[in-house]
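What follows is chain A paired twice: with chain B in the first complex and chain C in the second.
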Partner chain A sequence: MSALSLSQVSAGYGRIQILHDVDLTVGDGEIVTIVGANGAGKTTLLKAVSGLIPLWGGTVTFKGSPLARSSVEARAGLGLVQIPEGRQLFGPMNVEENLELGAYSRRRGGRPFREKRDEVFAMFPRLGERRRQQAGTLSGGEQQMLAIGRALMAEPEMLLLDEPSMGLAPLLVKEIFTTLRELNSRGLGMLLVEQDAMIALKLAHRGMVMERGRVVLEDSASALLDNPELQAIYFGQRGGGGGARTETE
Partner chain B sequence: MPILAFLRRHVWYIAFSIVILSAPLFTGNIYYLSILAFMATRLMIVLGLNLLMGQAGQISLGHAAFAGIGAYGSAIMTTRWSMDPWLAMLLSAVLAAAVAGLIGVPTLKLKGHYLAMATLGFGEIVYILLVQLKWLTNGTDGIGGIPSLTIGSIDFGNAQMFHWLVWGVALLMLRISLNLVDSRVGRSLRGLHRAEIAAMSLGVNTSFRKVQVLMVSAVFASIAGSFYVHYVHYVSPVSYTIIFSVILVTTVVIGGLGNVWGAVWGSALMILLPEYLKRYNQDYTQLVFGVMLILTMIFLPGGLVSFRTLVAKVRERFRGSRAGPVTGPEPRGGS
Partner chain C sequence: MTFDQFLQYVFSGVTTGSIYALTALGFTLIYNATDVINFAQGEFVMLGGLTAVSLHDAGAPLVLAALGAVAIVAVVGVVFQLLAIRPLHSAGILAQIIVTVGASLALRTAAMIIWGRESLPLPPFTGDTPIKVSEATILPQTLWVLGLTLVIVVALQVFYRRTLTGKAVRACSVNAGAARLMGISYSKVVLLSFGMSAAISAAGGVMITPVSFMGYSYGAILGLKGFAAAILGGLGNPAGAVFGGLTLGILETLTIGALPMSGASGYKDAVAFLILLIVLFVKPQGLFGGRSVEKV
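What follows is the complex of A and B.
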């Protein structure tokens, strides 16, 4: 059974429709990535799933229960936790306080804070060293680690990730994605929106290509990586015309 | 040594309590004691407003009206309906909380400073009602003959007894604020202030929390208003104009936005300074407040409590050291 499933989802801002009849499923412990150029509707899709924007049509269900009427915080309580674009840390608060706020929703049968915190520090030792440091003064990579760690404190069953590679050096991106793979091997499902299609597809089990608010291609991640058409458009390889380039700054 | 750890953790709170509560032992002067009493009621209002502004990042420009609800609620219920003062105080606080909820629910769902606009209007409405509803409020003449608070045979009309009562309550509110800031709720408020979307996606019901803190601050203000009228035995609308609301906001900023102790120093300064300036010319007060607000925002953005940061900055400049920039203290209260 799929944990998260979207059916015929449409949504937009004001009077402008962005998403057109999007179907999508993410299974338990599965990583599904959405790739596509700027403005394809990737982030909008994630917002529709997390509840930051209302649905115009269609349904979103998570673990069998429909979400259309649940608030963002209610969805978080169900285990659907978003790591927003640009990380959105609580800048003036220190690392540990950010983690404490991550554990805000006390889910039933949740584990004690210290245990979860120490697990995050074991995963990201650098955060442990800087536990009293203000989140806003961390480096970009450390901030992304903290954003992930903070989300883990909420004991998610599925992570919604919006551009985790944004603004990070390639080496750090690699490190972050290694961590994501490790988390997935423990059974955590993910819906990953990423401009860097190459690295996203290497991590994901399945991938979807979005264009102008529609899913135009859906396949296993390995098949998409080998798809010559996609290579031409998104990976900027020889013969490729316009389209998004991989982000490497 | 758990006792020692407890003492160390709360050293400032304990020291402050001892100093303030022992004041009547050193002076029986009614004037000095009244200034201290006004400081206490001011502190109650500012503590609540400081939680709202500093933690949740929302501005209320109508906090005078919440104090006015407490003041007039107590005055009307005790003089006209001969109600027990304590019950009147409680009912007024409930009313203030209900009104705060009514204003907060629609405005705090919206992003941005809609609460500031709504409370600005609300403050004006309350002021107009206080002046115009003559059958109830006696208009601009105000209401006199408000009884003192009593418990059994203890009469809090006595300045010293009142001092202990009003400061006891103010210290309790200070403790509540300090604990709140350092709690899960306090963190969620600071979190939604900084990154609302992130707070929401971690399960914080942000609009509910904002309404909650607005209601708490309204209750603090209302209780302060009630204590005030039971002390001066008189109330009139001029005490609850927009000017007072602005002074309250100024007090929060000058003391230290988001720092609970800032509310203490801010209240002390904003009560003492006008008393001092009054000897020269009443009109100076507003001017001095304005200048102080500007200077605070330029040189002491963290308020009076961040004075050490300013000293460090100045020292650094004189030394011309190349050390990293001095970062301000976190906007939160220590214990």
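What follows is the complex of A and C.
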């Protein structure tokens, strides 16, 4: 059974429709990536899943139950946790406070905070060294680590990741993606939106290509990596595609 | 001005300054949670004082009257958010600010109908025998005002720094969207902020009533002074709000003392706003300028 499934989802902003009848499933412990150019609707799709924008049509189902009536706040408690675009840390608050807030949805009945916090610090030792430092003063890579750590505090079953590579040096991107692979090997499912199609498809099991709010291609990640058409469109622009990082689709 | 006179003015200044500080804190709490400037804030101060008067007149002991007034006004703050602010959520901040102006007029008129036009007294918390400090005297009520203000400020800091709920409120003021993704209910945080804001300002009203009485119309000027204090300290900064309130209170009374002519107290209100104007010209973000900048 798929953990997360979208059926005929459409959504948009104001009067402008962005998503058109998107179908998508992510299985337990599976990584599915959505690649596509700026404005293809990738971020909008994640927002529709996390509830930050309302659905115009279609359904989103998580662990067998429809999410239509659960608020954004309730979804984290269900195990569906989003790491938003641009990290969105609580900048003036310190590292440990950010982690504490990450565990907010598990404040009753969750695993003990210290235990989870120490796991995050074990995974990202640099965060442990900077636990009293303001999140806003961390480097870009550390901020992304904290964003991941904060999401893990919610004891997720599925992560929604929005452009985790954004604004990071290639070496850091590699480090982050290694961590994601490790988390996945422990059974954590992921829906990954990423501009860097190459690195995303190398991590993912399956991939979908979006264009103008529609899924135009869906296949196993390895097949997509070998797809000559995609190679021409997306992988050719690697390194050159970093200029337009302010997308708000 | 002799030193004793100076001391006398400072005592009087910190008393009113504390009330400005509590009103400014009220502005800060709501502003941080919602970006709304609540122009009905002064009415919460007024309602606090007058409700305490009524409860005391009805036979409640002073302590219960004070606590009861704070609790009742907190409920008024929550209801105010639910009925007046929340329906305008999608209409934007400006519409919400304008409705607070309307609410302040409505509350003032309601108070006039309930309590009449007279200024009403409340007995001091513990007698009115002045305490001699050097050649100046200090009223026991002044000590109460100072002490309780300090308690409120410290309690607020503990709440924001040490409790998960307090941290959740701060998280919402930094990034409400991200806070919601963590499972924090933004609408509950907003309600809590309105309730606490109203309670804190009402406490100021209860404490100042034994010193200067309370009337239905007092909220307007107290609200403006509290707003000036909040701006002075840097809007959104709780420590700045307290500092701004005390500074404003002391400068007001000292100016009255320093001006040579009789009837100088008529200039008291002008002083507050003159100071505000100067600060805004020199440092538009206030003395402790706004929220800290986030590195993106």
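Remarks
Just so it is clear, the second predicted complex is superposed on the first by the 233 of 249 C-alpha atoms of A that agree within 3 Å, B and C clash if a C-alpha of one lies under 4 Å from a C-alpha of the other, contacts with A are read in each partner's own complex, and residues count from 1 in each chain.
Methods note: a contact is a pair of C-beta atoms (placed from the backbone, for glycine too) under 8 Å apart; a residue touches a chain by one contact, two chains touch by 3 or more.
None of the values given here were measured: they were computed from a predicted structure.
Bringing the complexes onto one copy of chain A puts chain B in a clash with chain C. In the superposed pair of complexes, A:L188 makes contact with neither chain B nor chain C. Of the two partner chains placed around the shared chain by superposition, chain B and chain C are both touched by A:G77. By the touch criterion stated above, A:N94 is placed in contact with chain B alone, chain C being left untouched.
By the document's definition of touching, neither partner reaches A:L201: not chain B, not chain C. Common to the chain B and chain C interfaces on chain A are residues 50, 52, 71-73, 76-77, 81-82, 84, 88-93, 97, 100-102, 104-105, 134, 137, 150, 154. Chain B makes touch with chain A in their complex at residues 184, 187-188, 190-191, 194-195, 197-206, 327, 330-331. By the touch rule above, chain A contacts chain C in their complex via residues 50, 52, 71-74, 76-77, 81-82, 84, 86, 88-93, 97, 100-102, 104-105, 107, 134, 136-138, 150, 154. The touching residues of chain C, counted against chain A in their complex, run 164, 167-168, 170-171, 174-175, 177-186, 291-296.
Note for the complex: chain A touches chain B at residues 50, 52, 71-73, 76-77, 81-84, 87-94, 97, 100-102, 104-105, 134, 137, 150-151, 153-154, 160.
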